[in-house]
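Each of the next two complexes has chain A plus one more chain, namely chain B in the first and chain C in the second.
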Partner chain A sequence: MYNTTVERYLPNITNYVVNGGDRIEAIQKDLAREDSRRAITYLNHHYHKTRSMFRKGIEHPGWRDPKFWKVVEQEVKSYTFANFKRASNDLYLKVIGRTYLLSAIITIICLGLAYPLAYYLTKLKGIASKVALFIVLIPLFSSFLSRTVSWILLLQPFDLMNTITAIYIGSVYIALPLSVLPIYLAMKNVNTDLIKVSTISGADKVQTFRYVYFPQTIKGIANSTILTFMSVTGYYITPSLLGGSKGLFVTEQIIRQVQYTLNWGLASALTVIMLATSLALFYVYYCINFKGDARD
Partner chain B sequence: MLEVKNIKKTFKDTVLDNVSFSVPAGSNIAVLGPSGSGKSTLLNCITGFESPDCGQIIVNGLDITTLSSNKRPLGMVFQNFSLFPNMTAYENIAYPLRVKGKDLSPVNDVLKVIGMEEHANKLPKQLSGGQQQRVAIARALVYNPDVILMDEPLASLDLKLRIRLQKDIKQLLKDTTVIYVTHDFTEAFNMCDTIVIMNKGKVEQIGSPTEILDKPRSDFVNEFVCETWKDYTSSIFSSNILSTAVR
Partner chain C sequence: MCTTVSTSKEMPVIRLFSYGMFLYLFAPMLVIVLFSVDGGNYFKIADFEFSLKWYSQLFTDPMWYNSIITSLKVGITTLACCIILSIPTALWLNTYKNGVVLSVIISPIVIPSIIIGLGWIFFFHDIGFNNSFVNLVIAHTVLCVPYVVLMTLSSLSNYDQNIEKSARLCGANSFQILKDIQLPVMLPGLLTGSSLAFITSFDEFIVALLLLDHSTQTLPIVMWSYVTDIISPSVLSVSVIITIVYAVLIGLGKVNQKYE
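Up next is the complex of A and B:
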């Protein structure tokens, strides 16, 4: 990227590149220059999204501290498992455990609502079925943030804001369409001849549901569980806006490490742990849907 | 004995129009007709999945017209076998006894009769088409229903297997009252003592297979029988399995 413009806007960095020396000091000096904004714009041109980072360097004196950049450099450069060790201390394990627990509760509530709802949808015929399905899917067409903010307005009069109940309500509302769809699909594919066979064999409605209908929808339930759980573990906006930033979800901890404590390494380690869980669940999803089940 | 008396059923159009016939105990009757002739609706009325607008269905003197499906003394075999995919062959056959809370010992006897003892613990997808159909028939037989209804039970199999299974089914159901729904005259001819030919919701003719072949009562019956007979013979010659058919 070197040319004369570089030398004009980033003289100290240029000098460092040519003659060596302290790189951090060179960056700091260039950022402190009067026309540093131009230098930042120039850098941003080559390295997208660096503008805001360097602008903060000008606006906030803390960012100009060479020690800070040294820490960043160290964090970025060295390969270490230290962050995983830090992420596996009691505090974060507790947060991760709580995230899974809350996500599991939300998933179970979603399944409890989604199963009868999906069943009702499959029983509708013609235009009514299409309209009902559209109503279920409508929330997916609006933004996550606006849906959550709407719940703030709805929950405030009931004094439910900043409570765990608010998180449950908001998250269930957002995750419900995702829970309904796989179950609906499984129910649509239920072989109705089997229901007839069961009935004519003498089974009552409960027996037919238990032995014939329900087993045919298990795949849909499994898919719904995995999709809902995976998506809920990654919720940030809903718990932080409705739950009052209590740091209940690991996503909130990750954002804290990125934005406030600048402990990016730890944030990455937490993210990798969450990603590993998602991948494990995704593998289960793959096995259910593409590898075939002996009892299928 | 099963009696169907003046059954009428209308959806948008009249699907069944005054259908009446009776099946003596232990005999096999075929209900034959092209697609849309009302065969399936008739079957649904007998099983109780549809309720007729008027008329009566009587089994061994008991009027079952308004009885719920699971209380009717009937067994049924479907076209696509309809075995429960999550149950083994044994569990499939045992299902009617299990839901009725009866003793499961007849299951092993039935498995022996259909020659499927070795495959008892296999899932339906591990069985061939012919084996699946035998399990489906065994499931309908195991609780000794008064009448067994068969809805085109061989339609999804290839001709060679169809011919072989026709013999097997006939053997298995020899003392059972059977209503055999099909659109294939030759199948009805091979399997049943009496044939009911239906067209547009009405009964066109009732008679023995030879009677229908020799004395068709209408142009429709004549044409229908000739068409299916022609299809059958041409497929036998084209698939070079005449020897199997003759045997």
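Up next is the complex of A and C:
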């Protein structure tokens, strides 16, 4: 198998590609090896500058070409958990933890704002309800980027740019329509007869809300929580424009790994961790919404 | 808090709160419209002067012009693929009502698009297929198909299978049934879903960022490059136009459903 050939004859470069470290040192060490030329034939087949790179030594510009490193990475690719080990080191665990913490906070803020707002929307009648619903949904009509850009313009005079507050304000703004809709739909379907019964039976407003109204909207709240949380964990534009490219969200890290450091293995390890969470949440969503229908 | 007699007038706290929320949701739109017709460069209300120069720039600057064309091409091709895939899928799902298949198809709506984008970039890299336009259309089709399938399914919900059976008994072939019975029923949902799918593809950023090379760039990518170092006001004029087009598309979908 050729991939073991590259690994055997270019051990330092392989080590650099898989684990990172000092690239120049790795190239120098492998150039000094006598048998390194055996791997060149394989690599030259995929990346045709390889032979002259090895002949001319470290001065050859090809060493700086990301394509070469991508080719090496492909050649040495074997199934390994090394990327998960790297993904689970402190830095990346922190990024993932922080993404979920921020997303959870944003989701909770959204729910807190969406519940009374959705309640108000259900109480409106006629043309007023149409206009109000239109205003709530208007952020969905505009492009994702322009929504964030307008917050840059609004937050700049208050010196809030590049702060965590800016991320909260922008993300809540973008996620709010998504979290209002499921709650609104659930509230529309609340059985009003039950509320009449509870009022007639002598329950006060708080009791009616606690025991009759609220339980009927729980499905809407669950849907809204899952949808909001899942979409917020995938945000890239808002945190990187409003938060000043600090790399707070895991999506920013993944795109950085894919585009700049070209460590695709690490990027996919981070993505798999994200996917696992998403699938778990999606299963909950499926159970809430589709399981009943499928049995009917 | 919630007896049947309570109307919107009787809850001053919730009403005030909701007005605040409406302002929060509407203010950014106003800001965009305001600054897109401002001739000054510095986004200050004090030196506001009315000018349409940022709008005219969209038609003169080749970067904007080309990216809009690219986005339209990607969007329309994606839409065609989505419609072709959705019609048989929706018909099948309407007959067999399989919750597992349905949830797999709609999962791209809820799963973060970076996961789908990364999967496609690895796949295309491994099979060595480097046509970035085709790659993007394939990836966008996966992201957009759920909207068309869902909307078409909702149109099919009151579809009477007996009509199809009687047509078959009268000697209609499958193509005639599709053309004369099934398509007219599906049409409103298909159109609503199509407008949503087109918007999704037109607005998609992360997958395009991962899959496109420097020669073909869609509108969100160009907008992004105008936003990251310094905000060019032409981004705002693009946003206003996009918002109007989206509102018209969604409005068309709604009118169409009402007509039905």
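One rule holds for everything that comes next: the second predicted complex is superposed on the first by the 216 of 296 C-alpha atoms of A that agree within 3 Å, B and C clash if a C-alpha of one lies under 4 Å from a C-alpha of the other, contacts with A are read in each partner's own complex, and residues count from 1 in each chain.
The definition used in the following text is that a contact is a pair of C-beta atoms (placed from the backbone, for glycine too) under 8 Å apart; a residue touches a chain by one contact, two chains touch by 3 or more.
Predicted model only: the values in this text are computed from it and were never measured.
When both complexes are overlaid on chain A, chain B and chain C end up sitting side by side without clashing. Looking at the shared chain after the overlay, A:Gln207 reaches chain B, while chain C stays out of its contact range. When chain B and chain C are set side by side, the one touching more residues of chain A is C. When the two complexes are overlaid on their common chain A, residue A:Tyr173 makes contact with chain C while staying clear of chain B.
Contacts of A:Met274 after superposition on the shared chain: chain C is touched, whereas chain B is not. Contact with neither chain B nor chain C is seen for A:Ile127 once the two complexes are overlaid on the shared chain. Once chain A of one complex is fitted onto chain A of the other, the partner contacts of A:Pro215 are limited to chain B, with no touch recorded for chain C.
When the two complexes are overlaid on their common chain A, residue A:Gln156 makes contact with chain C while staying clear of chain B. Of the two partner chains placed by superposition, chain B and chain C are both touched by A:Lys196. The least CA distance from chain B to chain C in the superposed model is 6 Å. In the superposition on chain A, the residues of chain A contacting both chain B and chain C are 196, 199, 294, 296.
Those residues of chain A that touch chain C in the shared complex are 113, 116-117, 119-121, 123-125, 128, 132, 135-136, 138-139, 141-154, 156, 173, 176-177, 192, 195-196, 199, 205-206, 208-209, 213, 226-227, 230-231, 233-234, 236-237, 241, 251, 254-255, 258-259, 264, 267-268, 271, 274-275, 278-279, 281-282, 285-286, 290-291, 293-294, 296.
By the touch criterion given at the top, residues 1-4, 6-8, 11, 14-15, 17-18, 21-22, 24-29, 31-32, 35, 43, 97-100, 102-103, 107, 110-115, 118-119, 121-122, 202-203, 205-206, 209-210, 220, 223-224, 227-228, 231, 235-236, 238-239, 242-243, 246-247, 250 of chain C touch chain A in their complex. Against chain B, the residues of chain A that register as touching in their complex are 191, 193-194, 196-204, 207, 211-212, 215-216, 294-296.
In the complex of the two chains, the chain B residues touching chain A come out as 47, 49, 69-72, 74-76, 78, 80, 82, 84-86, 95-96, 99-100, 123, 125, 139, 143.
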